[in-house]
Structures are given as C-alpha cells and as structure tokens.
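Before anything else, here is the set of structures, which you'll find just below.
Both complexes shown next keep chain A, but they swap its partner, so chain B is in the first and chain C is in the second.
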Partner chain A sequence: MDKEKIKSLLTFLIAGMISLWFLTPIIFITLSAFATSKDYYNPNYIIPRHYTFSHFYKLFFTLSAGHATLISLSVAALTILLSFLLGVPAGYALSRYKFKGKNTLKLTVLSTRMFPLMILAIPLLIIFMQIGISDTLWGIVLAHTTMVLPFVILITSSIFAGVDIAFEEAALIFGLSRSKAFFKITLPLALPGLAASAIFAFIMSWNEVFVASILTLQNRTLPAQILSTAMDSPDYYKFTAGFIMAVPALVFIFFARRYLVSLWGISLK
Partner chain B sequence: MVKVTLQEVTKRFGKTTAVNRISVEIEKGEFIVLLGPSGCGKTTLLRCISGLEKVTEGRILFNEGDVTNLPPKDRNISMVFQNYAVWPHLKVKDNIGFPLKIKKKPTQEIETKVKWASEMLGITELLDRYPHQLSGGQRQRVAVARAIVMEPEVLLMDEPLSNLDALLRVKMRSEIKKLQESLKVTTIYVTHDQVEAMTMGDRIAVLKDGKLQQIGGSNEIYHKPTNLFVAGFIGSPQMNFINVEVKEEENILIVATSGLEIPLPPAIPIKKSEYILGIRPEDIHIKELPNSTRVTGEIYFVEALRSDTVLHVNTDFGKLVVKIPGDFDAKEGENISLYIDNSKIHLFEKESELSIL
Partner chain C sequence: MKKFAVIGLMVLLVFVVSAYAVSAPKIYFVSTQMHPAGEREFMVGTLLKSFAKESGINVEFLALTYNEMLSRVSAEEKTGKVTISVIGDLHGGLDVMASRNLLQEVKGIPLPNRTFISTLEKYSVIKGKKVYVPWMQATYVMVVNKEAYKYLPNGLTKEDVRKPTEKWTYEALLQWAKNMKEKTGTPKFGLPMAPKGLFHRFLHGYLLPSFTGYEAKEFDSPNGIKAWEYMRKLVNYIHPASSTWAAMSEPLLKGEVLLAWDHTARIKPAIVQQPDKFEVIPVPRGPAGRGYIVVAVGLAVPKKAPQKEAAYKLIDYLTRPSTQVLVLQHVGFFPTVKEATGKIPTGALRILARGVTAQSSSPDSVIAMIPNLGKYGGEFTNTYRKVFKKVVLQKASLQKEVSAAAKLLKSLFEKAGTPIQ
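Now for the complex of A and B:
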C-alpha cells in the first residue's frame, strides 16, 4: 500500500482518538441533560430513549439558575469592561515604551497569580463586608477583574507588540496625534487579538466558582448557584447544569476560534 | 518648499550617541542623500527631522521657524518608510487619501488628489485593493503616492528601495528622482547604497558613527574625499591604500616597503613623514602614460565583468586592485606592469586620516 495513504490513515485514527477522548464526556453530559429521569436510571440503556426539557425548566425557574445566568453574564461583561479599561493601556505601555523596571513590573503583574484565589477569597470577603459590597454584583466583578487583569495586560501587550510600530508612526507623520493614531490605526489592527482576549476573560469569569461562592449568598453566579443547588439534586440535574455551563463557552470558542488561534500565534489556513 | 537647517543636532540613546552634532543646511527643493554604513545614524537623523524622535541637543529649523519641539503632524512633512507601513486594514485609495482626510479636506478634493497621485505612480487600477493583494513594488508605489498626496514641505525617505529586486530598484531610482524634480519638494533620502546616492542626490552627506564626514555633490565626494573613510566608502572596487613615507623636502613619496618613488606636486604642505596614499582602481593603467609611476606585480585574481575587468595584483608593497575598461585577456599567475597616474593620487595623514591631496 502506498505510504501517503497509511500516513493519512494513521493521522486520521490518532486525531479521531483524541477527539473521542475529549468529546465522550461532552456527549454523555448532553445526553443525560436531556434524558427523562426514568431513562436516566434505566440500566438497560446506555443511550437514553426519551428526552425532555423539564430539567432545564426546573433548574432555570425553581432553582433560579435563570437569575444566576443573568448575573453571570453581567459579571463577565463588567469584568471584561473593567479589566480592559485598566489592562489595555497597561499592555500598550508595556509593548511600546522602554522604562526602568519594565521587566520587574511584568513579573510582578504575573506574580499576583501566585496567590490562589482561594487564599484571597476570605480576606476579600471581610474587606467587602466592611465596605458593604459583599453579596453584590460589583464585589464579584472586582474579584474577577483582579483574577483576569494580569492575563489581559500580558496578552494585550504581546498583541500590541505584534502590530508594527511603523503603522503607528506613519499615522503620526500623516497628521494624527498619539491618541488618535492609537484609536484609528493601532486599535483596528489589534482588534482580532483583543477580541480573543476578551473571550478568554469571559470564559475565566464565567467558569470561576470558588470566589463567587464565598462572596455571595443571594446574588450567585451560575457556577456558584449550581454548586449550591444542583449538586444536592438528583444526578441528571447535575448533567443539565454542566450542559448549561459548557454551552456558552463552546459557542464562544466556536465563533472566536480564528481569533483565539491567532492569539497563540498559530495561523489557520 | 522649505529650507531645512540642522544646527548641532545630537541624539543619544542612553550611552550610544546615534547622531553627533550634525549641522547641515538643505536648500529649498534640494534632493539630499544621507549615506553611510549600517548603524551610522542615518535613520535616527531622519527620524529627528520627522519629529518621531526627540533630539537630545541642537535645533532643527524649517525656513526660519524652529520645529525642534513640534510633533510630526505639525511639521508638514511626509515619509516613505523602509517597510512602507501601508496600513493593512485600509484600501489603497484610503491609504493614499488618509493624510487629506485627516486634514478634513472636502471629499471631491480628496478624490482628485488621490487620482493625481496614483496617476503619477501608475497605480490607478490598484485603488480598490487591499495592501495584502499587492506586490512589494506596488506597495512601495502606494507608500510614495501617500507621501506626495498632501504636497508636503519636506519629503523624507528611509531606504525606500531596499526591499525591491535589483531591476525594479534601478527603475524606481530614476522615477523617484524625476518625481522629485517635478514636485520640487525638499527631499531627504536615506540609503546605504552608494550607487543610489551618486545617481539621485543633488548633494550627498556621508555619515560615520553619527558624525558628518563630508557633504557635497557626487563629483566632489568622489574626486575630493575629505578623509580616508569617505575615500574608502565611495567607489567600487574600493580605493587602494598604501602606507608611504615622504622624503624630507624633496616632495617625493617613498613607498616604505619597496623603495618605490612617486613624485608629488610641488605645492603640497608636507609636515610629518608617515602618510597613506590612495589611488582608485581606474587610475591605475596597463599602458604607459605620461606622468605615471611604473610598478610590477603578479596577477592572482581576475574578475571579468565584461564591461570592465578587475585585476587583483600582488606587488612588493601589497595588493593593488586595478580596473580596466572592457574585456582584457589576463591569466592568473602572469606578471604585469602597471602605471599609476601620478596626477590622481590622494594623500591622507596617517593619524588624523584627513586628506591633504
């Protein structure tokens, strides 16, 4: 047989196995999320026969996952907003200017990630209670911004470093001030990368459960809400909850994968 | 059109002095070339003039106006970048029209000017493309069109031809020169290619280590280099350099290692005894001529370029490179007689490296 064919067959097999490895849990989560409780507990079928939306209905309305989803979305959006307002200028400065202590600063930014959020969560709660923002949206937003900001700074700095400085200088020569050159030339050129890092920030915030659980009681984000309700419910609710958690991330990644790939410097073509 | 005056312009980056006290007056409408080896500060000087770089010391005047501290956008200059810096997210026509749009010119005028500039550079059929749909040469034309569309007072170019292939480079050389002549815009052009410098510049400023070595027309730079560096940098193949001694009071050069004697013109003020003699390869001949000095040697390498022939000859006092026009049938290993044209000799002081002849 010809070598090329064996090669592509092997590639196909290996890629298939890897895909299966990652897809199997997702497939089972999806199946179980929609399975009727009877089918779910029936040991005769691996793949359920009857499907229903009732778990979703219960989860969203009885266990207030709907409210939690809205909170999660707001938290993620505000986290992106805040971390970009702070992180994009910082990333730009790190990529464009030379100054004393630049590398130390970069390291310091990164080193804030040395402290796990779990360690920060309790002191944060105490501080938030003192200033009266515990169990509020803004409390979680602040915590999530802290978590996401180092990444936004470092990622955007490498995105801006990838935009040739000559494009910006040409804009300065041809009549723009520094700030206008940034908004008219640099920003549009950096946009794909920035979009990718926004998605990255979104997913980090969306998936964060620990701090959200500690900082809130009434205004829980989706993961925190699920942790405290669905996990005490019958098994199929857990799968339904998992499905709800996974889908937005998957949808985002699907639409953003071009940008996400460009973020890590690989090109899809 | 403005006259550009540089007064003791200095630029330091930390400890390195990229541009060292350069003073030049560039006349209205003049085409001046900044020439020098890599790292000599050409780009830095150009960027100082553009305002992209702040000078450390010194002043820059456009006509009588001091622009030293003005941002680039207020200097009414334009620039062609080495990598063109044509914005990838804008179509060609938007790239070219950008400087006018920023100045809030009426749409009608922008269109007319864009058309004019693109006709000048022969790129009218590319206006609706994006830069990634262009070849390197086309992108370069777009960059030039963008630079002339606003009719700047000063046009700055940083090695605009260095990314083009040899043939296109020769073509663009004359096109840019003609374009500049018809626009009469004061132009400062950076290159490390001496052929570009010689063919394009009204005057050439030769730089080394951030210092201005000499400024003048190509004739002056070539025939009257002020120092050893300029003499060696301009001309290809390079000028031959030979260590010599001068016999006291007799105005005769003695080539130290071989005792060869070369008479000097009488009016030369000779002080010390050690000098460096310079003679261009084309000023050494293979036929005897009046007022010449004969040397003999062995051919050890022949470059047959057909338009000329370059001989590398080993003599008693070292290697001599000789350029003779046309084909010349020479074999490596042969002995040959050479005649140095005494009237074409350059002489440099050994210590200061300054030219005295």
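Now for the complex of A and C:
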C-alpha cells in the first residue's frame, strides 16, 4: 500500500516537473508578449504588472501577421492533405508488399533531404516562375509537400507495419473488398500514427521560413511575414511574435493529440 | 464522421483564403532595412500611405533578409519575370548585386530640389556606374549610461567626451573601462561580438583607422601592431557576455553594461525606452585621429524592373528633404541630402542626433567607408575577426598573424579591383 502511494507520488512529481519544463517558457512568452515595455525592462519584478495589446495589434493587424496566419494555416492544411494523398499509399505499399528495389526506393525517398533547401531554393524559384506559380499558395504547398513527403512515407510505412496483417486478411475472408478492408480496418488502427505524422507535417510547414520567403511576395506565410521583423525588434516584440507563432500550432496539436497514442505506432498492439 | 467534418472545414478555409489572397496590382519594394516593428509600421502606415495618397501608387513593402533578397532578385533576373521594382539595402549588399549585374544604372532619375552629400554620391558610383540613390545614412557611436560618468578616469570630463576633445582617446577608454570593472566588480563595457553582431566594423572601421589612418592599407605597420596590443589590454575590461550580444540595446537596458559601442539603429531602442538614462557620445580617438564608419543605405532598381516610372516616383518621394527629416525624427536614420542635414529632431532621438552630430563634426575625423569588395566583402570582415580571435583571445604571435592577414587583405582588394583603403 505504502509502496503504491510512493509510486504514484513519484509519478505525479515527475509528470509535474515535465509539465513545468514545457509550460514555463510558454507562460513566460505569453506574459512578456503582453507586458508593457516599461514593465518588461523593469528588473524589480519578474512577472510584469501592466499589460497592453499594442505590440500584438501592431504585429497582427498593422503588419498583417493576421492575414499571414490564415495563409500559413491553409498552406499547412494543404501540405498535410497533399502529402497524405501521396505519402500514405506509398507508405502502405512499402510496408505490405515485397517488390524489387524496395530498399533502394526507401533510401531514394530520403535522398531529397540530402540537399539543404537553401541550395534548391533558386532553381525551384526559377521553375516556379516559369510555370507561373511562384507567388501562389499552391507554390508554397508544393515546396512544403516535397519537404514533408519523405517523412510521411517513412513514418506511415512503419505505422502500417505495426498493424497486424492478420486483421486485414480476416476482413478479406469475411467478404470485405481490398479497399474496404483498408478503410474499415487498417486505417482506424493506424490513426494514431497518422495523427503523429500530420502533426509532424504541420510543424515542418508551419516553421519553414526560407522557401516561403523567397517564393512569395504577396501571399506570405507567417514566419516569412514577421520573423525578420521580430528578430530585429526589441525583446518584447520577439515574445509577441513567438506567441503569434506558437498559439495556432498549440491549438492544432491539442486537437490532433486525441488521435495520438504514440509516435511510430509502437503501442498499437 | 467527425474527421470528415474537420477535413471539410479545412478545405473550406483554404478556398476562402485563396479567394482572399488574390491581390490588387501594386509595386513591390523589398528592403533589408526598416525591419523592426516600430520602423516597419512607420514605413507602411505613414510614409507609404502618404505616398499612395499623393501619387496613387500602392507600394507593398517587403522585409527580406539579405540572402532571401539576393536569391529572389537573382531568380527573377534569370527568368526575366521581374516583379520587384525597388530595392532598399546597405551599400555593401548593393555592391554585390551590382557586381553580379542585377541592377540597372540609376542615372538621370528626376530628383529636383535636393543636393546629395558628395561623399555618399561619389560612393554610390561603383566602377563608373551609378548603382543606387543614397537613401539614408547611419553610423556607429557609443552609448553611456549616465551612471558610468562616476567612473571617468582622472583628467577626463563629461564635456571632453561629449564634445569630443583631444582627451577622449582610446587610452582614456581603457582607463574608464578598467575603473568600471574595479569599482563595480564586473566589466561594464560591452561590444556586440556575437556572430550576428557588428564587432568586425569596430575593428576595421574604428580601431584601425584611429591607430593607422586606414582600414587595411597600414595593417602591417608599427601602429597597426599597437592597435592589436591595445585590444589585448582592453579585452580584460570587456563584459564576457559580449560574445553573445548581437545588439547592445538590451544589455544597456538591463544594466549589464554601462558603456557600449554599436550601430545607431541597434542602440536606438535603449534611448527611446529610457531617454533620461542614456547619452550618445562620439567614439574616442587614436594616434591617427577619430576613425568612424559612415554607413550608406541606397535605393536601387533591378534590371527589367516593372513599372519603372512608379519606382522612380517612390525614390523621389523617399529622398525628398521633408521625407528624410521625417525618417530621422521617427527612425533615427540620418538624411543623405544637404537640405535636410543639421535638423535636430525632437524627443528621444534628439539624444541620438546630438551624439552623431558631435562625432561627424569633430575636426580629427577619419571617415571610413565599408570597401566595395563585391563578393569578397565577407572574407574581408572575417579576416579582422580572425585576427582578433587568434591574437587577442588565443594569444598567438602578433607579428606573424598581422603580416599574414595584411597580405590576405591586400589580395582581396586586388581581386576585387578596388584601391586599398
């Protein structure tokens, strides 16, 4: 009995410390984002006493971070959609079928990550300009999909490998078609892993600056729109920009989290 | 089914935004300057708004880092589909773009009723080609927390420093920094030595010109050696966290340092925040004079830029004396046209303008310009940082390092086809 108590106390303590570890920066970002500049620089108190919306208003409305947030959200959503449309079938094929050159293919998929985006950026921009999608939403989506796709393929293939093929075979025996067996049996079981790779894809697209900055002039994503400004501004603006960047990502993860049991699909069984 | 609802919502959002994202025609003005939130807001909300009212031309102001801008401009030039009409950047960056043949010559743009300051005008002509129109200028100065005056060395007064007189020398700075360390317990003098800081400008534009009269020409000379010996002494009184500071306004505001050197734009936030606490003072002088850099920011037009007439109108508007005074008043960048110089703004920036004016009107000035080295510019500044690291921090042999660096610097100027300065 006592042992149990100590155990649960320890669990709480460790869980509490981990939460604190992750929450403290977020709390400080939020406090500093809305602190008046005078309070922010006052060395006498850690927690500011006076708050203002003016930094937020300047970044979000005057410097159009709000509009950029919408663009960033749609780019991330479309990136997830597109990379899933292409990546999930590929991942499924890699995990379920044996075919010649499978390992080579797996490696080739990763090789697109061998080149830093910096180097690819100018040729990419030139191609995009030639086909006329350089300053469009779809242009950034394509670039981000290219960046995210290898990860989606590899993660989903290991997720599907974790779903026992016996379930699928049983479904086929009981009369489901191949596609129905996938949608009714395999997909629900793989959902946690898919949620994890969706979060991954979202974060990668959400945080990407360089390509988004040079591909667009009009439809700029959030980091392209405010990152360089924030980095050159006084500290409290950096926190405000951090707040604007972090909150939508946190909200997204909060919702996607429900499907997330474990990354890499380890606890599926 | 909920999943599908979520996906449906996402798709809807995308379509709403894509419809919203379709844009109205306007000209694009990319800039590596005026990025900080307050400055950018002034640019977009005040300057460009009044320009749009006057001319009917809408300008989209885009804050890009130099690498992003160079990639974009190069790609546009290669495909021939140029969308950017005006570029605002530092002299050094425009120099590189000009060397890659990305910019058109900006001679003959109608700019009535203004006279550009002759040094800047001359400087904007690179290899016989007028590359940009001088837009704004800045410099690097020192900021002192008034508390630091308590620790002034014997024989040096506040007035000597403010004016500046012959007594405000690098030796006096050393003594001052030493006093601060000894009396407060920690070093209180700071330099922006972080990789993104502008410490290299201190070395090539302030220290060496003050000791030798030139940035690179007399690098390997008795006085050049003295400059590095001086740094070996000074480094003991520099705040050790300097290697993490890219801009000095934050450590000044937090009281970590009482005396600092940095770019005017990078100390401005401290002055605006607490104007009663700080003063801007000229830099000290060395045996050869008071060396300091004048930084020029220019406006250029890409080759094949669309709507050139509109671009010229924007350049005309931004270099007009009345606009330049507004920029000084709100942003702290100094005018490039004679009609607007000498105007001291009101408010906190008055402190900045006073210090800069005192520096630029001191009779022992040795003005250093960042040399036009095109793509060798990075190697040039790196050389100074490397010598500092080896000679001052790692205590390598002084003469050997200096001789090697002097040779390298000479070769950089030769390769770039620029007379050594």
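Note that in this section the second predicted complex is superposed on the first by the 208 of 269 C-alpha atoms of A that agree within 3 Å, B and C clash if a C-alpha of one lies under 4 Å from a C-alpha of the other, contacts with A are read in each partner's own complex, and residues count from 1 in each chain.
The definition used in the following text is that contacts are C-beta pairs under 8 Å (C-beta built on N, C-alpha and C of every residue); 3 or more make two chains touch, one makes a residue touch a chain.
Computed from a predicted structure; not experimentally measured.
By the touch criterion defined above, A:L187 lies against neither chain B nor chain C after alignment on the C-alpha atoms of chain A. By the document's definition of touching, neither partner reaches A:V247: not chain B, not chain C.
By the document's definition of touching, of the two partners only chain B reaches A:G175; chain C does not. By the document's definition of touching, neither partner reaches A:A93: not chain B, not chain C. Look at A:P43: by the touch rule set out above, it reaches chain C but stays clear of chain B.
When the two structures are aligned on the shared chain, A:A161 is found in touch with neither chain B nor chain C.
Greater residue coverage of chain A by touch, when chain B is weighed against chain C, goes to C.
Under the contact criterion defined above, no residue of chain A touches both chain B in one complex and chain C in the other. Listed in rising order, the residues of chain B touching chain A in the complex are 50-52, 71-73, 77-79, 81, 83, 85, 87-89, 98-99, 102-103, 146, 150. Partner chain C is touched in their complex by these residues of chain A: 37-38, 41, 43, 55, 58-59, 62-63, 67, 70-71, 73-74, 77-78, 81, 118, 121-122, 125-126, 129-130, 134-135, 137, 210, 213-214, 217-220, 228-235, 237, 255.
Interface of chain A with chain B (complex): residues 164, 166-167, 169-178, 185, 188-189.
Chain C contributes residues 6-7, 10-11, 13-14, 17-18, 20-21, 23, 28, 30, 35-38, 40-41, 44-45, 60, 62-65, 67-68, 71-72, 74-76, 78-79, 81, 83-84, 249-250, 253-255, 269, 273-274 to its touches with chain A in the complex.
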